[in-house]
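Both complexes below contain chain A, partnered by chain B and then by chain C.
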Partner chain A sequence: MEILIYGTINSVALALYALGFAMVYGVSRLPNFAHGALYVLSGFITWTVLNTLGLNYFLSILVSFAATAIIGALIYQFVLIRIRGMEISEIIASYAIALAILEGMRWAGFKGMNYTLPVFIEGSTTIAGVTVDVHRLIVVAAGTALFGLLWVFTRYTRIGLALRGMAQDERAALMLGIDSDVMAVVAMGMGSLMAAMAAALLLPLGNIVVESGYNVLILAIAVCIVGGIGSWGGAVLAAFIIGFAQILTVVFIGPHFQQVVALFAIIITLILKPSGLFGQQKELEERV
Partner chain B sequence: MLEASGMMVFYENMLALNNISMNCESDQIVGVFGANSAGKSTLMYALSGIILDIKKKELMAGGERITVAGDVLFDGKALTGVKPSKRAKMGIVLCPERRRIFKESTVLENLKIGGYLASPAKARDTLEFVFSVFPVLDKLKKRIGGFLSGGEQQMLAIGRALMAQPKILLLDEPLLGLSPLMQAMLIRSTRDIRDQKKISIIITEQYARPVLPIVDYAYVLENGSAVLEGTRNDLMDNPDVRAAYFGI
Partner chain C sequence: MRRNHIVRFSMVLFTLLVFTSGISGAAEKPIVLGCPLSTAYLYGWDAERGITLAVEEINAAGGVDVGGTKRPLKVEVIDTRDLEPGVPVSEALLAVEKLILDRKADFILGGPVRSEAALAAMSLLSKYKKVSILSTGALSPAYHATVEKQYDKFKYCFRIHGEAKWLVKEILTCLMEIRDTYGLDKVFIMVQDVAHARAAGKILGDVAAKQGFDIKGMDIYPTGTGDFSMGLLKAKKQGAQVLSIWMDMPESAILLKQWYDLKIPALPFGSTLAAAEQPGFWESTAGKGQYCLANVVNAGNAPSNASDWTMKFYNAYEKRWGLPPEGLGSSSSYMAVHVLKDAIERAGTLSSDKVVAALEKTDLMGVYGRLRFDPKTHQVIPSFDPKEGAVGSIFQWQDGKRVVVFPSSVAMGKIQLPPWMNE
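Right, the complex of A and B next:
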């Protein structure tokens, strides 16, 4: 039972990490290596607004959402748009941005263990004999709601449908008047917003440390590779596979092997099915 | 309505379009005929502005150098350098070669994506119109695009282009790979669309015979040059054309 509950919580957390990454890649084929950096950045924005400006916690989170989304969109509009379509350059440039953000924050003094955000609701409850923090349950509920909202957004709204069209065939979308540059900026802004949402939900569970930017990136990439890069459904399924694998590892092998699981999953996927569970990267499969 | 003059397109040093001038009046159906690599698709890309996007992508990836010259006038406005998305908004919508429908989305979603530029009310009206022209699509609404047959995909591609509220619809080889029965049906629908929607249509095809009955005016391309042009009857009566393009 413990495994089931904590496995679910862990899986939802992984899916939250990966969602923004998967979305940006799915729409504009941009592997956004700055995803983890945006995640941590949004945490520090919330912390700063909360503690130095003294705004209410909820408002601080909203400020960090807006700020992160705008920063993401600006990164795209002013840097990444110039190297659109060249994946290696996109990886290098976005990773450089990630380094600049993360190491910049470290340089600015955000280091150590003293940066924490309060949980939404204190306390814990017992489900089927297992003690769980209320906040972790909020994470699962809010995460599920977010996936649901995203599903509705991509199926029933004009912008969401346009994003999906562009994800499938950019030039065909262009012929219908969907401006790919504008849409890519929108996608990057939304991907950053999702990083910020993940941060708001998950950072209160631990410390805000610069290093988690790298961890989040690795986990997001692991989930996307296992799920099949560019496939959102695959990403959620992969999050559950890796999430449960991690918890099982913690329970039966040892907590310090938890991080290895994600990397191991990448290796196994690349050996067995390089395109991932639901990947559309057929050319990769043929090449390998 | 749409007027092109002196259109030249080079891929590196290869001349793909050589000094093409063409004209399409309101409510006209204009045919563009020619063999493979005659420049039909390039002409469509040049008119719809997609060539600018191809050029940009090639430039960024360090690929082929594409040069575009010549003027396109739409309702008297010059289109030189106008982005393809802007041109679509102005009413020039391309329904591309090989259909390029969104294969992972359902038929209805494809049409809705096509309605990106339309207001909700317009989109609803057009959706009804598309279903009235192609009743099959109404039945296949929930089907995933990639599972449709070639003819159904072509209907979907035309319907999707109509959703974008075109004033002039560019159909690039809509009959490619379809059965004669389906070809005849599509040609009839094309004429119905023109008659009911009052839009202009430019249609390209390799083989002129199925299309010729509905065109008002036509151009014949060969190696990027317009070698012949004329009204339907002019071309019908021309023995060279009959031999070379109609197989009569």
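Right, the complex of A and C next:
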């Protein structure tokens, strides 16, 4: 039962890390290596607004959502748009932005272990004999709701449909009057917003440290590669595979090997099915 | 004519000024202390602050008397980043070499902080014959064992803070006190995947088992782990009564929050627990750190009356930096400067071999008791009694305060158990 409960929590957390990354890549084919940095940045924005401006906690979170989404969109509009389509340049540029953000925060004094956010609801409860703290249950509920909302958004709204159109075939979308640059900016803004949402849900469980930006990026990439880069559904499924594999590793082998699981999953996927579980990229090449 | 006089007078005055300033500059050429520290981490910045405070005090008092000439101290810090996950040891070595060759450091103080990096840097220190006093982070017993094994090569390396083997002895004695008082004898060990923690965890497990403790298991966590719930539940299921934690990563705060949220009926005992050492820990965990024990290696890093100097240092640090000493490297880094000053003044020179000889004869009452180096290993001599050697400090978070509870010679209070362990 412990494995089931904590496996689910871990999987939802991984899916939250990865969804924004998957969305940006799915729409604009941009591997946003600044995703982890935006996650941490959002946490520090919430902390700063909460502790220095004294705003209400949930208002602080909303401010960080808006700020992170805008920053993400601006990064695309002013930097990444110029190198769109040049994959290596995109990786280098977005990773450079990540380094600038993370090391900039460290330089600005955001270092140490004392930057924390309060959990939404204190306390713990017991489910089938397993103790779980309430905030983790909120993570699962809010994460599931977020996946549902994203599904509805991409199927029943004009912007969502445009994003899906872009993800499926950019040229066809252009012919239908969808502005691909605008949609790419929107996707980057939304991807950043999802990083901020993941931060709001997951950072209260621990503390906000610059280094977690790198960890989040690695986990997001692992999930997206296994799920198929650009596939949102694949990312969720891969998050559950890796999430449960990690918990099983902790229980049956040892926590020492927990972080190896994600990297091992990348290697296995690249050897057996480079396009991932649901990835369309390279799928034709693989068939040939 | 008059204008010419003014010009000539100005030129003479300028020349005199330059000349005299040159002379005074030469007379007061600073002694450069190179500090390779992981400055973004607690054990780096606390050491930097301790060193800076000592240097400011010494310079304000006129500097260091080197063979009759008073010379000021100057601190040069390079960020080694050696505590950051994924940063190779070579980064720290580059920092040490740059301090020696580029910044012209006369002595190396403080780090490298990570044991692996400190061990690797020993050959560099030997190559350049630079006297070094480790004062933060590196706890591996291999450091002083290496000095003992190849004394002639590594005689320049000293360590002024406690090391893992002594810490294990200290922790074990404290655990025995807890067992005698509360009957807690089932221990679960949780360590970080770094050299000193792995070694210390294993030693602690072996030694504690020999002393009759029931060791329920040992989990090793990679640096950067963000979820400890499965390990905590495992400890609970196995009936552990004490969690022996050996971690210096920031994420160790998550472990303590989860311990509180899950109400694990085991006393968290941070043999090294960076997150809990900081005074800000209480606010950052919203009081969830209550009852957590943490070892800050040497007295002075938490309030106590180990010596007359302890609270003087504690208060001076708080006045200078606006917050009390935070991590295990504060008091030892501060004392490293004072001990070096004392040795240089006795040696009367900056010559490495003579300073080494003087350091070996060090015997002064410092912030954490009597400070002497073992002449064979160059490790500071520890003791439970501050009159006999360097004394440690284990404190417990009680109502928002860090209360020193061990050793009894410096204790300011008694160990308490969380209410869910009394039920």
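Note that the second predicted complex is superposed on the first by the 282 of 288 C-alpha atoms of A that agree within 3 Å, B and C clash if a C-alpha of one lies under 4 Å from a C-alpha of the other, contacts with A are read in each partner's own complex, and residues count from 1 in each chain.
One rule holds for everything that comes next: a contact is a pair of C-beta atoms (placed from the backbone, for glycine too) under 8 Å apart; a residue touches a chain by one contact, two chains touch by 3 or more.
Just so we're clear, the structure is a prediction, and the values are computed from it rather than from any experiment.
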Item to complete: Evaluate whether chain B and chain C can sit on chain A together after superposition, giving fit or clash.
Response: fit
Item to complete: Please work out whether A:206 is in contact with chain B alone, chain C alone, both, or neither, and reply first, second, both or neither.
Response: second
Discussion item. Quick check on the superposed pair: does A:85 touch chain B, chain C, both, or neither? Answer first, second, both or neither.
Written reply: first
Discussion item. A:161 in the overlay: touching chain B, chain C, both, or neither? Say first, second, both or neither.
Written reply: first
Practice prompt. In degrees, to the nearest 10, note the angle that opens at the C-alpha centre of chain A toward the centres of chain B and chain C.
Written response: 150
Discussion item. With both complexes superposed on chain A, which partner does A:179 reach: first (chain B), second (chain C), both or neither?
Written reply: first
Fill in: Contacts of A:126 with chain B and chain C, given as first, second, both or neither
neither
Practice prompt. Could you let me know whether more residues of chain A are touched by chain B or by chain C?
Written response: C
Worksheet item: Touching A:10 in the superposition: chain B (first), chain C (second), both, neither?
Response: second
Discussion item. Quick one: is A:113 in contact with chain B, with chain C, with both, or with neither? Answer first, second, both or neither.
Written reply: second
Worksheet item: Looking at the overlay, what does A:52 touch: chain B (first), chain C (second), both, or neither?
Response: neither
Worksheet item: Once you lay one complex on the other using chain A, what is the shortest C-alpha distance from chain B to chain C, in Å?
Response: 34
Worksheet item: chain A residues touched by both chain B and chain C?
Response: none
Worksheet item: Within the complex, which stretch of chain B touches chain A?
Response: 48, 50, 53, 57, 60-61, 83-85, 88-89, 93-96, 100-105, 109, 112-117, 160-161, 163-164
Worksheet item: Okay, in this complex, where on chain A does chain B touch?
Response: 82-86, 155, 158, 161-162, 164-165, 168-169, 171-180, 182
Practice prompt. Show which residues of chain C lie in contact with chain A when the two form their complex.
Written response: 40-42, 45, 84-86, 193, 219-222, 224-231, 233-234, 236, 250-254, 257-258, 261-263, 274-275, 278, 280-281, 283-286
Worksheet entry | chain A to chain C touching residues, read off their complex | 2, 6, 10, 106, 111-116, 118, 123-124, 130-131, 133, 135-136, 205-207, 209-212, 214-215, 247, 250-251, 254-256, 258-259
